[in-house]
Structures are given as C-alpha cells and as structure tokens.
Amino acid sequence: MGRYILKRLWRALITLIVISMLIFVIARVTGDPIAYLAPEDASEQELAQVRARLGLDKPIYVQYAFYVGDALRGDFGNSLRYNRPAFEMVLQRLPATIQLSLIAFIVSTILGIMMGVLAALRRDTWIDGALRLLAVLGQSAPSFWIGILAIMIFGVHLQWLPTSGRMGPEYLILPSLTLALFSMASVMRLTRSAMLETQTQEYVKFLRAKGVPESQIIFKHMLRNALVPVLAVLGIQLSHLVGGTVIIEIVFNWPGVGRLMVEALLNSDLPLIQAGVMLIAISVVLVNLLVDLSYGLVDPRIRIE
Amino acid sequence: MNGAIAPTRERASPGRPSRKGKWRSLPWLAIIMLAPVIIFGICGPLLYLHDPTTIDLLNPQKPPAWLEGGSAAFPLGTDQFGRDLLSRLIEGARVSLIIALGGVMVAALIGIVAGMASGYFGGLVDSLISQAVDVKMSLPAILLIILIGAAIGGGMTTVLASIVLLFWADYARVIRAETLSLRERGYVQLAKVANASHIRILTRHILPNLFGTCIVLVTLQVGRAILIEASISFIGLGIQPPATAWGLMVYEGRAYLATAWWLPTFSGLAITMTVLGTNLFGDWLRDALDTRQSSL
Amino acid sequence: MTIPILEVRDLKKYYAASAPFFHRGERPVVRAVDGVSFTIPEGETFGLIGESGCGKTTTVRTLLGLEKVTSGTIRFAGEEVQDADQAGWRRYRSSVQAVFQDPYSSLSPRMRVWEIIAEPLITAGKMSKADIKTRVAELLEVVGLPNDAGERFPHEFSGGQRQRVAIARGLSPQPRLLILDEPVSALDVSIRAQILNLLQALQDKFGLSYLLISHDLDIVAHMCRNIAVMYLGRIVETGTVAQVRDNPQHPYAQALFSAVLPPHPDKIKPRIRLTGPQPSPLNPPSGCRFRTRCPVVQPICAEIEPALEQTRAGSRAACLFAPRASQEEIDR
Amino acid sequence: MTDTNAQPVIRVEDLYVSLRRRRDGATIRAVNGVNFSVGRGRTLGIVGESGCGKSTAAMALVRLLPKSAEVRGAIHFDGRDLATESQGALRRIRGRKIAMIFQDPMVALDPLFTVGDQLAEPLREHLDLDGEALHARQVELLQAVGISSPETRLKQYPHQMSGGMLQRIVGAIAIACNPELLIADEPTTALDPTAQAGYLELLERLSETYGLALIVVTHDMGVVSRICHDVMVMYAGQTVEYGPVRAIFDQPRHPYTQALLASIPHAVEPGACLPTIEGQPPDLAALPPGCPFAARCPKVVDRCRTEAPPPVEFAGGQRALCWRADER
C-alpha cells in the first residue's frame, strides 16, 4: 500500500508541475508581459527597470522559479480588467463550481452504477436496450444543448424551475443534472460491461456451486468486483465533470470559476486565466488522489502488498 | 498405422458465420443517421438552397416551413439575419466533418506511433510517453483548451490543436497496452527467432493486429471530436463568425430561445444525431471486430 | 568424437526485480536460470523437464537469443554464440528454430499461412519469391497439410493443423536444431499422438536434433534419450531416460516421477510428498535449493551447495546424499 | 450394476442436453442419452476429449447450464428427480448435498473477500451456523484438509496463499456441509504434476473419509486410473463405454476407448510410432446417422454408418456402444 500511495503522490506532483509549466510558457508566448505591466509611454530605461524588478531579465528557469514561488503564495498578479488579485477572485468563485460538480459527481456515480447493474442483470431485454440507448444518447448530446433544451422546456415553457443564477437549492437542479448526464452514461456503460465480465469468472461459477443465493452473488461478489474498474475511472470522470462545469456555468449563468475564466479569455485577462487554471488543476488533482486512495479500500490486493 | 509423414487431413474448423445474416446485422440506425452528414459534408455547396452567409433582412427569424408563417423557401426557417437555417446546417456539417476527421487522423497517427514505440521498445521512451499520457488523463480537457485559446486565440487552429492534443493520448494509452500484450505473443517471439527486423515485426506482426482497435477508436473519437469542436465553438474559441459551425449556431441561437426556438434546437439536433451515429457505429464495429476496449 | 550440436555450460540468466520505492543498496535479483549445463548430441532428442517456475522457459528464451545471457556459454556445433554480434546471431538463428506450446498465439492471425512459413526465408532475403513458394509447398507436403493451405489464414485451421503449420515454419530455414517448448500440451490426446509421430518422422528424415521442453513426463520419456530435471533454476538430475525415470537419485526427481499418473490402475505407486510452497527465485534457499521441501533434508544441506555428480545408478545428481559412484564405476 | 451398495447416491437415466450455439444459433446436442450411477465412497470418472459433452453432462446434474440449455431424462438423487426440480430447490441442494469444484483452485475464490468469509457462506446458507458455532466449524474444516494455524488463514485473502493452500481451501469449502456427492470438473488440468498428484490425493482422501460419491470429469486417462473405480468414456455426447476401471483398462471393448488408451506414450516402446485416431469428432449440431465414431473408426463396417449401435453388456457391468464390441 505504501508504495501505491507514493506512486500516486508522485503522479499528482508531476501533473501539477507540468500544468504550471504550461501556464508559464503560455504566459510568455502570448507576448512580453512588460507590455501591460509598464506605462505605455515608458522609456527604454524605465522598461529595463520594470524588467529587473520583475526578474524578467533573468534566465528563463529562474523566471519559472519566481513564478512558482509566487504561485505558491497565491500571487498570480491582478486581474487586468478588474484590477483585483486574480487568485482572490477565483477563490471567491470556487465554492460555486465545487458545489455544482460535486453534486453532479454523486448523482452520476450512484445513478450510473445502479443503471449499469440493472442493464447487466437484464441483459438483452428491452430494459437493457433502453438503458443502453439512453447511455449512448447521453454520450452523444452536447451538454450545452441539453441545457438549452432544459431551459426551454422546464424554464420558459413549464416554468417549473429557475434557469439562471445561484440563489437557492432549486437553482442547482437543472445545471447539476445536465452536467451529470454524460458522466452518468459513461459510468453506466462501464458498470454494465464490468458486471458482465465478472459473470464469466470462475469464482462466480464456484459461488453458484456452493448454493449461495443469486442475490448475494450479485450484490456481494459481482458488484464489488465490478466496482474495481469503475472506481479506477471515477477520477477521470471527476475531471470531465469539473471541465464540464465551464460550459454549464455559461448556459445556466452560474457564478463559478468556469464562467469567470471564459470571460477572462474573451478579455485576454491572462492573470485571471492563470489563477483559474491552476486552482482548478489543483482541486482536480487532489480529488483524483482521494479517489485513487479509496481504491485500496475495495481491493485487498492493493491494500496488502 | 504409419500416419507420420502423411497423416490425415483434419477437417478445418467451420469458418465464419454465414454471409446471410450479414446484411441484417449492419448498424442501420447508425448508417441512416450518418448518411446525410456525410453526403452534406462532401457535396454541401451543391445542395445549398441559399448561400449560408447571405444576410436577408426581409426574412428574419422565419419559423420552419410546416409552422404558421413559415415558407417552403426556408424549410427549417431562418435566423435573426434571415439566413437559411438548412443551408447553414449543411455548411456546418462540412466544417464539423473536416475538423473532426482531420483532427482525429492526426491524433491517431501521433498516438499510434507513440503507443507502439512505447509498448514495443519500453525503457525511457515508454516512461516519458506514459508520464505524458498520465498527466493528460488527470487534467480536465477544458483546461487545455483554455490554455491553447489563451495562447493562440480562437479559430480553426485552436480547435484542431485542441483535438490533437486531447486525443493522441487516448490512442497512445490503448495502443501501448495492446502492443505490450502483442509483444509477448508467440508469433512475435518466433518472428525474432526468424531474424525479422524491428520494422518488420512492427509493421507485419503488430500493426495488422492493432487494426481493429484503431478503427474502433477512430470511429468513437470522431464523435467525441465533433462534441469537442461544438463545445469550443460554443464558448467562443472555435470557428468565428461569419463562418459557421454547429456549436456556434447553438450559441448564437441561444439568445433567441423565446422567439425562435428552432435555431438552437435544429443545430443541436444535428450534433447529437451525428455523434450518436458515430457512437452506435463504433459500438457495432467493436462487437463485430471483437476488440476488447473499455467503453469510455 | 563428434561435436555436439548444442553445448550449454553454466548458463545463468538473472533479472533485476523491481525494487521497493526507496530501496538502498543492491537491487534484488531474480535468479531464473542459475548455472545450467547440458549437451545435445547431433540427431538426438534431449528433454528438459520441471514444473512451472523452474526456469525452463527462460532457458529456451536465452537459447533463442530472446534474452541476453547473464553468464555462461552456449556452443552451437562447436561455435560460441552467446557473445556473437548481430550477424553471428542471425546465422545461429537460421540453424535453430522453435515450436511453441500454444498453436493459437504462435501464428500471426493476419498473415497467410504461406507467409508465416516463409518468414525465416523472407528475412534471410536470399531466395526469389518463386523459390519460396516452391519451398512452402514442399513443407506443407512434409507436415501433411493440403496444398491450398498456404493461401488460408490460421483461424481456418484446427489446433492440430496449426501445430503442423508451426512445425513447417520451424523447418523452413533448414535448421539443425528445433526447440520444442511444450509442443503438444494444448492438444487433445488423439491429436497429440499425430504430432509426436510427425516429429519423430521428421527427425529421421532430416537428421534433426530436438530440445524438448515439457512437464508431461510420459511424452519426454517417449521422445528422448537423455533428460534433465530442473528445479528453481538448476538442473538437479540428468542422465538417460532409463536412469532418471526408473531409478531417480535426487529427492526432487524421485518426488516428481512418483507423481506421474499411472498408465494402469494396477501400477499406482506410493507418492513422495513435497511439503511447503516452492521458494521464490528472488531469494532461493542457501545450500541446496530443494532443502525447504526435501523429505530427507539434513542440517548440512543448508550450508553446502551440492554439485552434479555421478551416481551409482548412472545418472548425475546434485544431492549430497545420493549414492556416489566409485572411481572405477566412473571410469567404466 | 457395478455399485457395491444397493442404493446408489445418484442415478442418471437417459440424460439428454441440448444447447444453443451463440455463434449461429444452431442447436447443439451436447449429451445424447447418458446413463450412470455412483454409490457411496465410489468414484466415477467421466472421460473424453474436448467438446465430447463430459462437462455438460456433469453440470447438468445440478443444472448449472446456460439459460438456453434443455435437459431431458431422469436424475435420481436423494429421493427426487433433479431434472424436474426448480432452480430454487436445486440451489438448496448445491453446496449442501452436491458440492462441486472446478479447474483451477487459484481462480476459484473471489479475490476481494477473505478465505474465512467464503468458507462461511455455505455454512451460513445451508446449515444456519453463526457466531461461535460457525467459527468452530470453519476451524474444524481447515484442520480436516490439513491446514495449520487455521485461525490466521481464515483472515487472509486468496492472493496471500500458495496454490497448494488454495487447493485445500477449495476442498474444505466443498465438504463444508457434509455433501453426499462431489463433482470435480477437470480438477487438475491447470496444475503441475506434483500439484496434480496432491490434489487427486486430497479428493481421494475426502471421498474415503466422508463416504462421498465422487464424479471426476477429465480428459486424462491417467487421472482415471489413479483415483476412479468406474469410468464412463464419452464421445460426441454419447457414453461409448462404461464400466469398472480395471475391466476397461484390461480389455477396452469400444474402438475409441482402445485408441485412447493406446495413444498414451507409455503404452508403446520409446521412440516407436504411436497409434493415432484419424480425423476429428463430428459437429454436435449435425450428428451423422449411425455411430458418431464411424468416420474415424478403424473397425468400421457399413452398418455403423446407418444404424445407431445398441449397448452391448459384458460381465462385471462393462458395456460398450458398438456393433462389433463383442468381437475380440
């Protein structure tokens, strides 16, 4: 187990380093930061002073080190448009995004697993067919379109649910369900095929030979074994979900980091983008790590090395 | 009996299932969904009723022909500038197809080469490629897209670059795993014993056996690429007006939800149908070719 | 004295095991093959037997050049090959071919049978396409496959037929030694006999030498003149079939042969039981490797590593307590 | 019959099983009219080559078959006919009165649960054991199959154990509820010679100690000669020969049995040519009229190709399905 944890920690670290390098490189590629840090009519000498002050005259790896140091302190600079610390702005919006994706994560995981199990147990019946069609539809329809249709039907037409903003719990329903759809479809398909896979295992045959009731075989043994591969991809599902919030936030006017970043993108507000990307990356990597570690709880082969 | 040198000729095992059921087992639903997209994608300009970019301010927001106020001249109605929706959808099909196929092909090429090299040679090449794949897998796609968008702005290049950067890793991961297992097969070992070069082993023994996996992956990825393209266009980083793409049409139509519901509805429907078609086709291929793949 | 076709001396193959994360000092080593020696006279069949994990597959892989030798020598027809350059290996490999156990995974599924059989000729690049086709037709005839088999794919054949294809391929570069790694284990009993007969007939016809690897002691006894028994990377006993099978001296060989299923219910012999699990080649026991499971183990076995020595029964065994042959018996 | 006891534990009459082949939907006649019985403490070997229906016949006894399977005939066990019992009733028999073990003990246990947990399942299910009594029985069982320090073993997972240990655990699970019949389906196919001998010995000991009726399905005549009292040779879903092991090894009456025994390398001089059986078994979806072995039989006569041979009985309970069985 110790070795497994170390491996996962290592991977998380590498991921964060790579993303920080990407951000850094992109910030440099997009132009001389001096252009927007110094007054427009600054002289060559003044520019050099600013450069020296910001460390921009140093070699690139020193600059990167400075950048990482700043990032670790939460200093990504001020938003160009709002002239407020970018990190703070993102931090303010983060809870809304986390709330949305977490609820979608829970909904999609639980429903996905339940539907997958049902489809596998009713293999080749109309239930299986319907669930599989639903799943492939869920993986095919763009979430923004589903969102718009939902707004059209439940908001504009039926007027059952609010469609924009984040005021009370009822504001969460449409966005989180829309967001959950794609992930739910993936989890369902994976659960279904994992369940079918376990059905062919020798130990299932042996359990039947022992006279263990079918319900116990399914819910105690097959389900737990099927969850092993499902759990392995939940981390990936979660990053899909966090990514998906960006679009959902736009559709439903949800005040999260995603919308903030897209706005920042349209305004070329680089510090804000950097802070947003870094913070989202960190939260995704952390949650991924948690999911990976929970793997050991299910599978004794990893727990006991 | 001295059946040694001239032993019996065993009966060959019965071949594949008969050809009879073949027509019926084709994925007709998928074919019906994909056929219009492919036809429009290839000969789009020949089929326009109107030029998709011509603004016709006399006919703004016309509903589809079968509704009150619609006209046969604009079968699916018009947008806020009076442009014919059907013609714009056809134009969108072309753009979507080019981007999806082009991006996926480039990604497949990079990913397959990387995956084969990684799985076959192992060592440092493998460590680097695996690490890169790992990093990609644990990051949300949208972050990469935003970073690319931040670096080079919106447009076709951003979409293509995003698709390639996002998808190569999927190929590399799957192909690496398959190559690893193929490498240990008896026939690869025997090819080495027969003095076959690495090139020969990779092209004659490994690549042909990856074919099924590649085809299935490409099919499924085309669907995902269309979705990604639509999403990128939707957040404004993709195809820029006045050119058009399906995602952009949904985005533009979104403002007219209350007055012209058909604008976002039909363009979204086009995306969904196309992706659904490729997904169904891919699933069918996977079963037909019997390649083992996770359903992600 | 004629030069033996294959002479293996003190062959060792160690793998570096994956080390624990922050491991200090030397990396642990898996001693898959640890000092194996044997000789195959030209035109004969030599059998290597042992249970899974004893190192016979690794031995095959090193002999085929699929793994680099850690130390020791492999002499083929008098010439050392283990340190040969690429050209040397190429030459060696055209004289040594192999047939593997699984007839399903040993034929490329997307290649036509003729190309599978011809591959060693194609890579050698010395024959024209027409000559190759003629040669393939000859080979199909030799292994008893129909003429049109060449244009078909492996999946169109049954297990026994595939093994015939594999044998034809092994024969195509006209090798002198064929390494048969469990060649009939995957086949049904009746097909098994056909393939064994074919191998015997080919040996007679072409004067081939065989190295036969198997865990089926009946088959080894049927095919071979000399055999060696492996345990945990070492040969523990070697000699003629008659010596080793009928009067084994090493306790492991005794246990192994006592486990052979009887050909008739009247021939059930008492079995010598082995206790405990097989130790890991990562950390083999000191002294005699078999001592942890040996029914007649003595304290000294932990200290002295026995070498293969001539026994009174005629075989050579690596056991301190096997009755030694006297000097005159050896001379005789 | 061959049984020493008057009342066999299980008696099978005219068993037929047909299955649907997934590939082309054809109906496979996997088992075609099989009769046998096994008494207390006796061991029956069902032997044949791959696809001869031997496993299907054994699994049909407790109806652990694919859903498409159709079973006809009578399976008399414990005063009832298992061929007509409901799946629910069969479940209460499986593991309780009829235990089963399969090919490879290494994969017979669920990797995610402890050995103790998996041993407890049949005890809880069939005997309603719980708490102290359950634990005591678990320990007792592990001791019965020769496992030392059972307390710690119960808490371990399958991946922490050696192959030999798992064999014994599987054996312990099989005898957990004192069954009357144990069916072993290719129990040693995946094993090395010493492991194979050990497993067979374990089965033999369990059968003797507990007076089990044992059915061993195998393709290996050696396994049969090692532990079986009676043997049933199957070919293309039919019992071509049946009888006491010694009688059949001494004087096989059916040409297929003769060929099977002769093709074991032990039977001939080293290096000599082995007798072979030419050709391949028939497709079970399209069985020929007459004797299914006719196409490969060295003793075939015209009649074999058109008329199905009758069972010919011999002294000592041996019987063979062949027109020429009583010729020497």
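Order of writing sets the chain letters: A, B, C and D. Residues in each chain are counted from 1.
By our rule, a contact is a pair of C-beta atoms (placed from the backbone, for glycine too) under 8 Å apart; a residue touches a chain by one contact, two chains touch by 3 or more.
All values reported here derive from a predicted model rather than from experimental measurement.
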What clusters of chains are still held together by touching when subunit A is ignored?
one piece
By count of C-beta pairs in contact, the leading pair of chains:
A-B
As a quick test, compute the distance in whole Å between the mean CA positions of subunit A and subunit D.
53
Determine the centre-to-centre distance between subunit B and subunit C, using the mean Cα coordinates as centres, and give it in whole Å.
49
Two or more other chains are touched by the subunit C residues 158, 194, 197, 200
Among all residues of subunit A, which ones touch two or more of the remaining chains?
none
Mind pulling the subunit D residues that touch 2 or more other chains?
273, 275-276, 280
Which stretch or stretches of subunit D touch subunit C in the complex?
49-50, 162-165, 192-198, 201, 219-223, 225-226, 245-246, 249, 259-260, 263-268, 270-271, 273-277, 280
Subunit A partner contacts - residues on subunit D that touch it in the complex
62, 64, 91-96, 99-104, 107-113, 121-122, 125-126, 157, 159-160, 170, 173
Applying the document's contact rule, which stretches of subunit B touch subunit A when the two form their complex?
131, 134-135, 137-143, 146-147, 149-151, 223, 227, 230-231, 234-237, 247, 250-251, 254, 257-258, 261, 264-265, 268, 271-272, 275-276, 279-280, 283, 294-296
Touch list for subunit A against partner subunit D, complex
201-203, 205-214, 216, 221, 224-225, 228, 298-301, 304
Counting only contacts in the complex, subunit A reaches subunit B at residues 11-12, 14-15, 18-19, 22-23, 26, 29-30, 136-137, 139-145, 148-149, 151-152, 156, 186, 189-190, 192-193, 229, 233, 235-236, 239-240, 242-244, 246-247, 250-251, 258, 261-262, 265-266, 268, 270, 273, 276-277, 280-281, 284-285, 288
